[in-house]
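Sharing a structure, written as structure tokens. Questions coming.
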Amino acid sequence: MKFFSDNAASVHPKVWDALKQADSPDSAYDGDAISQRLDAAFSDLFGTDCAALWIATGTAANCLALAALCPPHGGVVCHREAHIEVDEGGGPGFYTHGAKLMLADGEGAKITPAGIAALIDPIRDDVHQVQPHAISITQATEYGRVYSVDEVAALSTFARQRGLGLHMDGARFANAVAHLGCMPGAITAAAGVTALSFGCVKNGGMNAEALVFFDPALADLTRYRRKRAGHLQSKGRFAAAQLLAMIEDDLWLDNAGAANCAAQEIAASCGDRLLHPVEANEIFVALAPAEAAALRALGFDFYDWPAPAGRPGAARLVTSWNSDPAHVGALAKAIAAL
Amino acid sequence: MKFFSDNAASVHPKVWDALKQADSPDSAYDGDAISQRLDAAFSDLFGTDCAALWIATGTAANCLALAALCPPHGGVVCHREAHIEVDEGGGPGFYTHGAKLMLADGEGAKITPAGIAALIDPIRDDVHQVQPHAISITQATEYGRVYSVDEVAALSTFARQRGLGLHMDGARFANAVAHLGCMPGAITAAAGVTALSFGCVKNGGMNAEALVFFDPALADLTRYRRKRAGHLQSKGRFAAAQLLAMIEDDLWLDNAGAANCAAQEIAASCGDRLLHPVEANEIFVALAPAEAAALRALGFDFYDWPAPAGRPGAARLVTSWNSDPAHVGALAKAIAAL
Amino acid sequence: MKFFSDNAASVHPKVWDALKQADSPDSAYDGDAISQRLDAAFSDLFGTDCAALWIATGTAANCLALAALCPPHGGVVCHREAHIEVDEGGGPGFYTHGAKLMLADGEGAKITPAGIAALIDPIRDDVHQVQPHAISITQATEYGRVYSVDEVAALSTFARQRGLGLHMDGARFANAVAHLGCMPGAITAAAGVTALSFGCVKNGGMNAEALVFFDPALADLTRYRRKRAGHLQSKGRFAAAQLLAMIEDDLWLDNAGAANCAAQEIAASCGDRLLHPVEANEIFVALAPAEAAALRALGFDFYDWPAPAGRPGAARLVTSWNSDPAHVGALAKAIAAL
Amino acid sequence: MKFFSDNAASVHPKVWDALKQADSPDSAYDGDAISQRLDAAFSDLFGTDCAALWIATGTAANCLALAALCPPHGGVVCHREAHIEVDEGGGPGFYTHGAKLMLADGEGAKITPAGIAALIDPIRDDVHQVQPHAISITQATEYGRVYSVDEVAALSTFARQRGLGLHMDGARFANAVAHLGCMPGAITAAAGVTALSFGCVKNGGMNAEALVFFDPALADLTRYRRKRAGHLQSKGRFAAAQLLAMIEDDLWLDNAGAANCAAQEIAASCGDRLLHPVEANEIFVALAPAEAAALRALGFDFYDWPAPAGRPGAARLVTSWNSDPAHVGALAKAIAAL
């Protein structure tokens, strides 16, 4: 009974179907008929013209977005615990040619205009100090928190005032939208987001994410950079097919909704153990080492997490689109019984 | 009847089977059981210890190899028409942080020790000139030519004498080995190759190539760089599965052999039109514009190619693992009838 | 009466003499007789074989050193307020091709093995997280503090245990050595430092620093990188001459000693205002805005500094090799009279 | 009697005077009064608004210019024997983050619109091939040839039509202008040049060149990049002083004129030996090994040069602003007597 990560979950049957249907030869790279449908399909989804590029991983999507928004000598503001800072092996430094991540604080891995201002206002406007050029937020965050529409809009207003681009790392964008119940455009294009990494792999895909630009010039630039980074697959139709399958008939929201529900069921059993409100599909719980061992003895697998102040230990539990209801129920019960 | 490229061909049924079998959740990235089998499987294949990393594209495989063999301030010798120089969108410059490709000449896109010496001997051994650090050859070449075992050995002897690493771009390595009928290790590890991009996509795979290092230290380094480049897929088991399917039971050689056979059948009909000996699955033919139009009118699709001196025009014809024998026969007949 | 920075002070007469004597044509770049003397002169100075490269700025010296010690995918530990992090315009990111600065805390901009361990021990040893490859310390620090011989030795022991290189930013190395009264080798080579940026400009030079490597392989590599960065001047003899003039007859220590003395005289008048012990040529004082204005009204120029907690304001006062004793005395008196 | 290079010549007395006068402390970096005069002084010189940044070397000036004109994924067209390609240690790859130099042919190291078109027209307009973004020409060229005003204008017209920036490497710009007898603006701003590396070191300076932008946005960007590259000297006033001394009272043209004259005197004695018309201060002569030895036996020093087809050997002779007339006369006589 694995609650390690949504990262490694199975591929959804509809994605398999789409993959199989994509198997007849077509133009290479992104010249095939399926890839050519992406822009229109995502423009429909977001209710505004946008360009969508398939890309194999979230790290590549994030890093290409940052490179489009920030010159090599600039900086990108993100949360101190953002995935781009902590878990992408220095990818942002590679793709941006050495730009700097500027680390803001904020509860639940969320950042705010005030927090960003506190970070960048002391930066002298001279060539000795790296100047900020963009902001990157994660939706849902690394702690499973979700920015509200108003929070994103406030960040984008701030970004515009300061002349900064705004990137959203949406590895779990579907979970955030499912939680908010809003239109996907409301939390992105309409809220002023410039570039979105739209997650698909964690949500039932195999190996395709979408990098969505609400500014076509950035997309054009990025097509060159995607190729240059060795991310232009020759049978790109298989990547495109996954994305189309995911957004057709709201599969992405159904899958994310299922994962969110499972997380809620577990969260409901955690009481005071909860370290963060559960808004997506991640549950962070205080757990003493003995308690963690007890759960593992029952067959539950999950990652330990650094213990916050005043707690004996912690764990991260992640549900996914196909978390087995029996496993979820069992885990909820087991936690309640600790 | 498409003879554009093997790049866009269908995925082999055995690869599909392997993909489906890989669908049960496992550890993420390359920690899963299938990825963990790669090193041993490729060591068996090459008859020597090696490390094999899956990677989505040949461009990424090539560029990671070059970055492992050449520092940012160095140079890599390759043929003037090498894929890394001509068709990878500047990827080598990105991955090597600005190292230089040094362009040697040679018939059929093959380079020789003499040709390389002519290029690098005049380079002054001082800091003003970029010094060579590696050689990269393509096997089979961009013109469908195959280096013999002796030719590779001569290059690797030369490389060793000059302190240069040796990379082999094997996007069509299978076609070369099928042509030579040699052991794969004889043309790589035993012949002194340091790093091999082992092609799978053109040969019936979906989106996985193998980057094989015969020096484990370079593989260790490259694991960090693969992640940093956003090429570490979270469901890496699907990439590994394609590669294992390909090398099990010699599927890779069967597929390449089929493509090579089809190419021979067409070549046999080309007579004086042949611009290069046909040794793999590419046929370069002299073709006047009217002749090309005539073939297209019959339903054959292919790329025009720059006309060599003294010829009215040219075309590239590429066969693949599943080229339809009827189409192949028809094309051969149509060319003969021109 | 300027106490802004030693950065902009005059050039010492002995440096002028050396520059003039270097004016006869000689080989270009670093092939001239004066440049050729650098290695031996610095080896004498440090009591061990080393290689010394002239370079126009401290930023370039620091960044070339970091690039020699850390691969693009790695990290360098430094203090949160280190010059390389705060004031070099992202130069480390440029020269290292995107490596990461990892920010440790510590009083007075000094870092300790414990502080570094607290920072790097939680880093998982996997490809998702940037791994540390080097440590960079500033001697004297950005707050005018000096690492003792034992402190440097402890850091280098720690560095060796963890497989990390050790760089010393010695923009004010002379001030540190003058303060410690030790042999320059005792605080560098003998203490395990791998690379030293040896400051000259702030100490009476015009536009030359020395980058000293105690590992010749790193120096050889860096000669290529210096050229590649456009830092190999064609009339390099003028850079070399400044450095030789500086270290001959201990001019560097005399100059630094004079600056340190002046700083001590001012410090002695500051009492409780002192924010850091004064060990080199920088004095950080608590100063209310009205007090700062009063000093400026008397003709003293200096930089305001962010006010530390519980203080109404602060200022940085910097002395230099030729601070006018009358100005120094006047400033000391004026502060005492506040 | 050295005819190696103008690279290593003495510093002009007026430059020494300017350096000495710059020695009183002032603001650091480029905030001092002398640096602040550069933009106006160069705007006067070129008869149009421009921004001039001091920089220690021609390599850095060239590379910063290329980085301003070409994105990392783009290419810069230059002559196959251009200094940026042959003699800058890969600096362009470093500064541009891996952009590609595209090598055009042309007599005397000059390139033409037709030559560039032949190079770039075959480039497919897709992401697989690096697209050109700029042209770089050397004035005077590496073979001492000078582009006429019309030739530069034709190149800039071509550049504008193709959407390419135009950079001029003017390491010997003074020699070119002295030869042409034109206004400096006529061959740069008015002719459509975007960025100029204005040489000073070879022409009597110590260690300062000017990087002149006729587009202020590129200058603003480059100020950040200059700092990031460690090229912002803290006592920048000494760099600025050299440049102002050089352009005041036409010292730059007087010095270049003297060097050109000396070259003409030698050229007049060379007859059929001349490999290129002598238009600046470099003379390329056919010289058999025995003849070269004979000249050296007489005390003349110079570089051998690769022998062109049909010649037994060659040499490069370079005059400088202070070539001794007696040496020049003696060399001319000695060559005539061979």
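Order as written gives the chain letters A, B, C and D; numbering starts at 1 within each chain.
We take it that a contact is a pair of C-beta atoms (placed from the backbone, for glycine too) under 8 Å apart; a residue touches a chain by one contact, two chains touch by 3 or more.
None of these values were measured; they are calculated from a predicted model.
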| item | value |
| --- | --- |
| Farthest-lying chain, centroid of Cα atoms versus that of chain A | D |
| B-D compared against B-C, more contacting pairs | B-D |
| Centroid distance [mean C-alpha coordinates] between chain D and chain B, Å | 42 |
| Chain C and chain D, separation of their C-alpha mean positions in angstrom | 34 |
| Rounded Å distance between chain B and chain C, as computed from the means of their C-alpha atoms | 50 |
| Where chain A touches two or more other chains, by residue | 72-73, 88-90, 93-94, 97, 127-128, 224, 227-228, 232 |
| Chain-level touch network, classified as line, ring, star, complete or other | complete |
| Contacting residues of chain B [partner chain D, same complex] | 72-75, 86-90, 92-94, 96-100, 122, 127-130, 306 |
| Residues of chain C touching chain B in the complex | 29, 71-73, 97, 127-128, 131, 221, 223-228, 232 |
| Contact footprint of chain C on chain D as seen in their complex | 2, 4-5, 7-11, 16, 20, 23-28, 32, 55-64, 88-91, 93-95, 201-202, 206-207, 224, 227-235, 238-239 |
